[in-house]
């Protein structure tokens, strides 16, 4: 899990740099700071399990098993990307690992995740689907519609609410009345809260719930308390009007998920500083190699523009 | 309140007859059996207070002060109807009494009601808006979106859920997971359940909540347990595959809202049998007169077809 | 060939495809025991059980979303949307998700689902239960749009839709559910993008889908009495659109009327008429005439509602003027 | 006349109307302190407070519904929909409710609201943040649709929209927010249904709204170098549409190209082209040419995205062929 979290952090550092160097088209939303959420959950999943992701989707994609090269290529709009450059950061999908895709419509994937679980139930397949979404997405009515059906039909789906305290430039308490967990419970769905910076706690809870869901005891709801280090997107630099520098420093310094796991590994004698540093450096060099690969990769041929509108056959 | 309930019952009896006689275009949804809900609530409202209504909207319209003639005319598509015949049963509205209209989209008026309450707050007006909707409408995501905003902004709106046990041909427990009241509470909204056949109980609760809402203590949510005597619509005759004859008889015989109030009035010595009968007969003759009026009224001139697409000026 | 109703034809198509392919299921409001308000799906639940004929809460965006997710992962859902007017509720899931997923994923994911819904006014159902909204979905790349005009088309097109690997929206005409037509007993499917020439003619081409095919056919009969020989074409699918059959016909007749039950402004008559005007320009003896529904919300009152929709008499009238050269706008 | 950006023009229009009329308020996501992602509404909250500049949760159907209810009862809301692509989420409230309430109530209720949103690709925002969906709303009776093509239009049309007693959808071009234009200091409003002739010409009429007006103007400059004299028309509003200005022009030039950033199929070019073909039939020397965006979801990759949208070079090229008589489809 340490490596996976490091890979996400390093991926985002590189993505940010690509943006600053004007090498990346458009803009993107960084997952840094929230690594324990994606990794803690996805490590509880099999490759046949499915996830749906969000606009802030690099972490989910990586945690579900994607590789650097195809991800960087996608971010740069290259033909070797996961979506042949057609999706970009906000639509990255990796169907070989069960990632049904990022989504640029907030809450837009909640139906998809629940539908994937319905398919599993109908086809008597034992895979579980995890639906990632932010605290802001709890304001989308679609969530309540699909939770109702998931609860009625006992679908193997887990709703994972990444509560990072903000949706864009607004803090969660200004946009969410009452209690998020109670909303799930009102539909008869068991709901849990967990420290989203503690990958071990996340993983423990997720493993338990995934196995229950696999046995037909779903659905479940988890609220994961976490924090995004960067702005809402790469261009969101001046943030003091909506959150304080102190708050940011506090999370980065005292609640960093990678450091928390690192400290744990060291305390438990599982790894030492040098090993961790080496691991991190290895991830870094893999990433740089992949960035170079992506920068030199080809764009799709323009004849691809009207391919894939419809599936032939 | 007795007269108001009688008027609704009699209106529906006539509407049903018009349908059977093939004098009414299209079909319609009868409110019979649920009179205490509309009347108990609307009697707690001022003429300046607003309501939004549903596909089963005759009761709300009548209870909020509408008159027989314009209502029958509307049902028959005549120019003297509330909407000049353009709306019909499913869109009947009466802005002079604050009825913002029936709605043929289940749940479609929840935003409208909440928006009316937002307007009241912004304009520092002290009117309250009541949003009527069925148990089936709780499956529409829109409800959760607007309850969230109503709760965040303390809007003077009351959500009145008419739980008649069915949405179309499906019973409520097959389509609603968990607890309906808990869903409102999860958004921090105070929620109450009341016997929807007992007009006095309904009115007492409604009066209390309306006055609270008027003072800025809203929003509130009420679930009213009730029953529709007829089918989902006038054409829904064979109902045994979704509900039993016994159940229907039980409600009609032992839980009729008009009889319950009648018994109360008699027990308390407020009215006797003769008075009630006379009152009922008076309502009936008013209704027949209005039906005749409506049958003989004019259809709109065909030049009206493209009027009112846009408001001029 | 037995004669069956459109409603039975749809029912048969669903049943046959569900027997053939286990991954097909039906989802919507009151589709099981109740068999929908139009009784189109009656009896299916007895054969396929509530596992595959799924009643939902009144959550159109929700169950549309579920269908997208199920389709992406190996099922082939048929979504029953009770009224075409409710399309507005599912547009995000249909147009932002279903329509785009194959493309956005570079061809790696796909969404084989069918959205069955309906269109058509003059049932006295007023503005929110009478709309014909096919133009909206036809505008969105990634969606196919089928418009059956009889029981025969309804069965053949629906079977094709269910086997298609893309999202398909199919509009049935509410008023036609009880209309009968001859339908082969043996299995058949109708290809998308292939128009039907229902009647050959030399003087004017009448083009109409769904409910308007009948209107065109009746207009052709009226015109016959005046010695005017009308060709009637039913494109059957709007996306893909069989442009060549239409153009070939107009090149022969030199005149065309495009009839549709959707609103005229920014509707499907505009697309078809402008393609004809562009691509058969030098063959036209007169401007292409468009006859869509009036650009007003559908009124409840019967006297008003009836005049909002094109009628056979109206089409015949225009055709007569067109042939007589009287439809030239003031110079 | 000061030169200001389109973003400033919109900001001024809102501020002026809010000062004039207390019932006007603004509602949407991150419109207050954040001033929207495009910083269009920055500063308004300081003047009008959070009472009238209202930040909402991410509930597009919800706040659209609230706006309808507020408008029906005496407010004049301006709804800020962050991306035009989110229209799909508010279609029910916009098209089934707002558009129809005046009509369904027989003229007794009305819904004076403005839905401000945007359109436009080539910002590398991919398929769900790049759509130009004006054709969809233009198809629905009861909605007016305005398409500003510069800061001047943006201010003048928005002020008219806010005072209109009907629901108006106004599409701003995302790429144009920083573009400057001269805007009068004194109060002005631009009427709906009145097209602007931006450049007079004799050889061909180029018609484009919003982003495509600039494309048409640039194409006209390119054509000038070849001695081709193009007239450029910006209809400014699609509903109501100023048909007569367009027809008058085409009757003079005998040729027309209709350019649009929405998808071509079943889009706005079809409506405008087919009206010209019908009503200026005998004046046309060549078929009306339609140039919409490609009928594909907007791809992310810049090399692909850039070719999906009409360009000045592309328009000029077509115009040259049109004038040379080379655009006749095979006989």
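Chains here go by letter, A, B, C and D, matching the order in which they are written, and residues are numbered from 1 within each.
The rule is short, and it goes like this: contacts are C-beta pairs under 8 Å (C-beta built on N, C-alpha and C of every residue); 3 or more make two chains touch, one makes a residue touch a chain.
This is a predicted model, so every value here is computed, not measured.
J.: Where the contacts of chain A and chain B overlap, which chains show up?
T.: Both chain A and chain B are touched by C, D, going by the contact rule given at the top.
J.: Can you check how far apart chain B and chain C are, centre to centre, with Cα atoms defining each centre and the answer in Å?
T.: Once rounded, the distance between the two centres reads 36 Å.
J.: At what distance in angstrom does the C-alpha mean of chain C lie from that of chain A?
T.: Going by mean C-alpha positions, chain A sits 40 Å from chain C.
J.: As a quick test, compute the distance in whole Å between the mean CA positions of chain C and chain D.
T.: Distance between chain centres: 29 Å.
J.: Could you say which residues in chain B touch two or more other chains, in rising order?
T.: Only 83-87, 91, 103, 105, 108, 139-142, 145, 148-149, 152, 174-176, 309 qualify.
J.: Please output the residue numbers of chain D that touch at least 2 other chains, ranges allowed.
T.: Residues 56-57, 59, 61-62, 85-86, 89, 92, 96, 103-104, 126-128, 141-142, 294-297, 299-300 of chain D each touch two or more of the other chains.
J.: Quick one: do these chains touch in a line, a ring, a star, all-to-all (complete), or other?
T.: Basically all the chains touch each other, so complete.
J.: Once bound in the complex, which stretches of chain C touch chain D?
T.: Answer in residue numbers: 85-89, 91-92, 94-96, 99-100, 103-104, 126-128, 135-136, 138-142, 238-239, 262-263, 265-271, 273-274, 277-282, 284, 286-290, 294-297, 299-300, 328-329, 331.
J.: Which bits of chain A are touching chain C when the two form their complex?
T.: Chain A residues touching chain C: 50, 52, 81-87, 91, 93, 95, 100-101, 103, 105, 108, 110-120, 122-123, 129, 141-142, 145-146, 148-149, 152, 307-313.
J.: Could you pull out which chain C residues touch chain B in their complex?
T.: 29-30, 33-34, 37, 55-59, 61-62, 85-86, 89, 123-129, 294-297, 299-304, 307-308
J.: Help me check something: in the complex, which residues belonging to chain B touch chain C?
T.: It comes out as residues 25-27, 77-79, 83-91, 103-108, 136-137, 139-141, 167-170, 174-176, 241-242, 299-300, 302, 304-306, 309.
J.: Under the touch definition given earlier, write down the residues of chain B that touch chain A in their complex.
T.: Where chain B meets chain A, its residues are 139-145, 147-149, 151-152, 174-179, 182-183, 185-189.
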